[in-house]
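Same chain, two partners: chain A is paired with chain B first, then with chain C.
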Partner chain A sequence: MPHRKDPGSVGLVQKQFYTFCEPPHEMELTSGAKLGPITLAYETYGRLNSDRSNAILILHALSGDSHAAGRYAEDDKHPGWWDNTIGPGKAFDTEKYFVICSNVVGGCQGSTGPASINPATGKEYGLSFPMITVHDMVRAQVRLVDHLGIDRLLAVTGGSMGGMQALRWAVSYPDRVIASIPIATTSKLSPQGIAFNEVGRVAIMADPNFHGGDYYGRPAPREGLALARMIGHITYLSDDSMHEKFGRKLRGKKAFGYNFNVDFEVESYLRYKGDTFVHRFDANSYLYITKAIDYFDLSLPDGSLVKTVEHVKAKFLIISFKSDWLYPPYQAREIVKALMVNGVDVTYCEIDSRYGHDAFLLDEGEMSKIITNFLANVAERNGIREAASS
Partner chain B sequence: MPHRKDPGSVGLVQKQFYTFCEPPHEMELTSGAKLGPITLAYETYGRLNSDRSNAILILHALSGDSHAAGRYAEDDKHPGWWDNTIGPGKAFDTEKYFVICSNVVGGCQGSTGPASINPATGKEYGLSFPMITVHDMVRAQVRLVDHLGIDRLLAVTGGSMGGMQALRWAVSYPDRVIASIPIATTSKLSPQGIAFNEVGRVAIMADPNFHGGDYYGRPAPREGLALARMIGHITYLSDDSMHEKFGRKLRGKKAFGYNFNVDFEVESYLRYKGDTFVHRFDANSYLYITKAIDYFDLSLPDGSLVKTVEHVKAKFLIISFKSDWLYPPYQAREIVKALMVNGVDVTYCEIDSRYGHDAFLLDEGEMSKIITNFLANVAERNGIREAASS
Partner chain C sequence: MMAEGARIDHSVILDFIPAGTKVLDLGCGDGSLLVKLVRQKGVTGRGIEISEEGVRACIAKGLTVMQGDIDKGLRDYPDNSFDYVVLNQTLQAVKKPDVVLSEILRVGKKGIVGFPNFAYWKMRFYLFTYGRMPKTEFLPYEWYDTPNIHFCSILDFREYCAKNGVTIEKTVYLTADRGGRVLRGVRPNMFAENAVYLLSAGEKPR
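And now, the complex of A and B:
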């Protein structure tokens, strides 16, 4: 709950935790393995209305976490990762909606993941952590939503891997989702996307500090993780936005250095992004989450996306970005088509942004307006009362 | 000289060497440093005509070398890297033209590079090797062409970094080039391209076997180099060609493994490409050559491409490939425009290939035909006699 509000801000927030300690302690995963007990770290913004019908679940991407909005302390340098869309008067309007965001299972920001203690051994899981899928992330979220006493979510939404979860929610829990807003995402990652993830994993595993994932209490495989992050960052930007942001500008010099130090701004940016990431992220989580992304294929088991989505009941808003080459618009259009074949009520918007995959985090304005209108429409049609009037 | 000819093949070939041992032993580099003596490894195919006017210089890309066509031994598994364009009846027709290809200075296939012995110390250069530029590569080639007694080249050509050299030849040695055929190239690498190169370099330098580049006689930084090569390969293919080549096909299994072994074909392909590369390439050369590519900017020193190319005399054929996102067609069109502003005779062809940057190596047929016709036209207009008639 917010303790203080800036204009348009949810103010100060707290991370909360929910552990599935009621039976069954274990959750069966897609792979057939079992995992438990599971803790999910989560945050909420806004108030749940009296009939518990105004909840929106925010789903994060690869490097995200439960801290989607607000600040933990007034002097925090940065707010949560989607603060520009969550808050009073924003797209996910906390005056109207009760917004929830949880860290995925397999993550490293409070939810159970490879850095957690395995109760069977008393030591960190490391690579003995079972492989998790996007469906497993959603299975755990269902438990959290149950815990919060919410039967049906007004909306599920997220970008990138968050969009995969929004799709999985609508397909596998059709009675529990009124609307789904997958953004900058796909029904299955392209081989190019798998390739970039694989290179990141190879980089982490090649780090001499990796020790088969058993590096806790020792120096972490930071160089490998930084490399993986650098690769990721290139794929999140567009050629266009890199021209705009860096061009061929030199970093703190007027002429080429003719050595292997940083010459160009873009090199400096990437090194910085890699170096800062390793302080907040666990390399093993990076391995597990990228595998979950690679495995995601909404058309399975039949190989037919049209068939998989046939029981969907949610109304859809699907958003893609023209310059996003990691999750290109044609992949979003494939989902739109499969839904429309099944008569699902779907709105599709291809935003003309230059900022590549990252555009979903930046929100240049259009996205927020589109979401605001879509949610208002869904809430009205479903007679959803705002928290304020409850 | 070929010892044996298959139909359309230059047959058996030999690598030759030329060392600049006449004074000056040293060559001044763009950076101001001096390097020498320099050896260039090179090969030739076809015969020089009596007035030495039918020579075509082939310029290789990052991982290429002087072995552009033919085989060293009859049981060689693969011919030279551009064998599909060089040979009797092919684009660079060895019945008509005398074709030369040399390994760049800084390379590792016989030309002087970081793995060479520094005569001043008696040890390998390693990172004490001076930084080289595309212009330095061309400077060394000029010496080789002098040595072969050739005043003016009928054509210079190459793809990617080879295209950069073809541009540099025409700009800096206007009287020594009748025609230039830059393929899948740019007047300056994009920040995205620099970023990918930088990540590759960081991977090599982070390898515990790197030892500041002083690894000769010890295990080489193979994991880092393999990683760099994996990243490179992703950028050489297109999203489309990866869908066609791999899709989401699994490698030797019918279901996901739910572990960190290879699941997808594309992962297996990349690992294989990385692993095989390290047996034929020196990591330090990879560092130096990628820096040369990053530094290349034909618009320098004035920042105006139009001004830089104003003294060009060569006729140009510029080829790009629609699906090439590493050296996208818009970059080729920038060169075309700058040349046309200066009244240079330039033909531009944007080939509708799906194979990304790699298309210039594959040659699906169109490229060869375009080059064949262009060269025939240039040879006729300039009264170039074929070797056979000499």
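And now, the complex of A and C:
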């Protein structure tokens, strides 16, 4: 049901849950540890067609969740995190496709993560939660897709860590993905990226409220988490976008305060982003998910990306952004090259955006147009039918 | 780079390429040639294009295209990974034509190269009469903003091929008058505005 005030919206949506891997059938994780039961929070938009061939799985980034589009209530201030690309007539057109988005395992927005109760102890996992990898996130999604009765996804897509998952899907489940659209991503995070993640983790663990991750029911390590988020936000922007967005403008004053309160707009922005983040995100999840991002290396186990992608069957659309220095275009080109050497059908576009890594969330229309055209072509070639209208 | 006009060069290239082959189009622009190859000849087509605008136009046509610089990009392709590698109206815009030409014949079993002949009589006349850099309908740029940085004539190109062991298998000369036609007369270096070559690596040890 489209939103009354916004015809391009999927309207009101609901979070759903699926629980699986009940003991003794726990999921074996990359690390060798076992986890179960696992719950995934997910949302769906649009309708599955009769042969279940029009499903697109959306994969979120570090701080994302299952709420990719629409609103939970009419008066919600913000829609889902990728509402500009998902909806009737948008890139992921819910008139044509059945769109799924789930919160990753290890997350804190309804899926099993360190803040969940460990059934063995009756207490929150905290740091006893096993280490999670991007592959583990995808393993859990495979179970959800099975549960929804979908054999092959028309497309898997996401930006940043979502792009890592889109790559992992195509490499490890080649028969279950028709097209993969990794955006603003890499086959392995740069040492610079790992460095920023580590500073964020140290900030959290150095917070006096951290208590070795066992802070549930007590004040959370909010200062540390807010600081981690502030650092993260710097890496998502670019020098250009900071000039454009803030310049050296002062916040609510005409002259310097000559003290350590907020003077500049950019300080105010970062503090606001830090402060609001702590209300919706669990510090332990931040630790686990950033670590999963750091561990991700598609070239393993052989160390050869060309070799690991040799069984890929999906058609690829890879998108990067020129001003993204956290996941720079040269990293996307490495993936393109490895796929191309293997004869994979790969299209690559470098969008000339100034918004840095954030560009994948702030699409000004270029990215959407590319995706719309690419998906239309994939759907046509594979004879995908749209869901019958009711 | 050539302004859009009568594309008899496209028809020539379509004739050169057998149906169902694997084709890489270098500097494919908006994909207008590649889309004909895919739709009319059923080739497996790939394009490389440097501009985001061109890439987006190709995607809108349903083509597989990679944004990249052919001056840098070809070394990643394995030997003989395509049946045909096409470089049409782009040779004069690359930084290192010799490197690109040798890469074309490494990556492709055959190469197709089309370029404007800078010894075309109108060019000579323009330079001779006005003493200024020639501008034509197809090469409308000023000297300071032209993307075309390496002009050659038909004789120059033939000499390059001879020196570098490149076999010229077929040649078609084109003139642009009356919407473009194949030139069958003598002295193509004087009277052909464009030339399209089908090349192979020949016997040269590599």
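Annotations
Here is the rule we use: the second predicted complex is superposed on the first by the 377 of 390 C-alpha atoms of A that agree within 3 Å, B and C clash if a C-alpha of one lies under 4 Å from a C-alpha of the other, contacts with A are read in each partner's own complex, and residues count from 1 in each chain.
Just so we're on the same page, a residue touches a chain if its C-beta (ideal position, glycine included) is under 8 Å from a C-beta of that chain, and two chains touch if they have at least 3 such contacts.
These figures come from a predicted structure and were not determined experimentally.
Of the two partner chains, chain B is the only one that A:Leu127 touches; chain C does not reach it.
Using the contact criterion defined above for the overlaid structures, shared-chain residue A:Val341 touches chain C, although it does not reach chain B. Once the two complexes are overlaid on the shared chain, A:Lys313 sits clear of chain B and of chain C alike.
Shared-chain residue A:Phe256: touches chain B; no touch with chain C.
Of the two partners, chain B and chain C, it is B that touches more residues of chain A. Judged by the touch definition given at the top, the superposed model places A:Arg152 against neither chain B nor chain C. In the superposition on chain A, none of the residues of chain A is touched both by chain B in one structure and by chain C in the other. Interface residues of chain B, counted against chain A in their complex, comprise 30-31, 33, 127, 130-131, 188-192, 194-196, 198-199, 201-203, 205-208, 223-224, 226-227, 230-231, 234, 237, 239, 242-243, 245-248, 256, 258-260, 263-267, 270-271, 274, 287, 291, 294-295, 297, 325, 328.
Chain contact summary for the complex, chain C toward chain A: residues 46, 52, 55-56, 58-60, 62-68, 76-78, 81. Every residue of chain A that touches chain C in the complex is listed here, in rising order: 315, 317, 333, 336-337, 340-341, 343, 345-352, 366, 369-370, 373-374, 376-377, 380.
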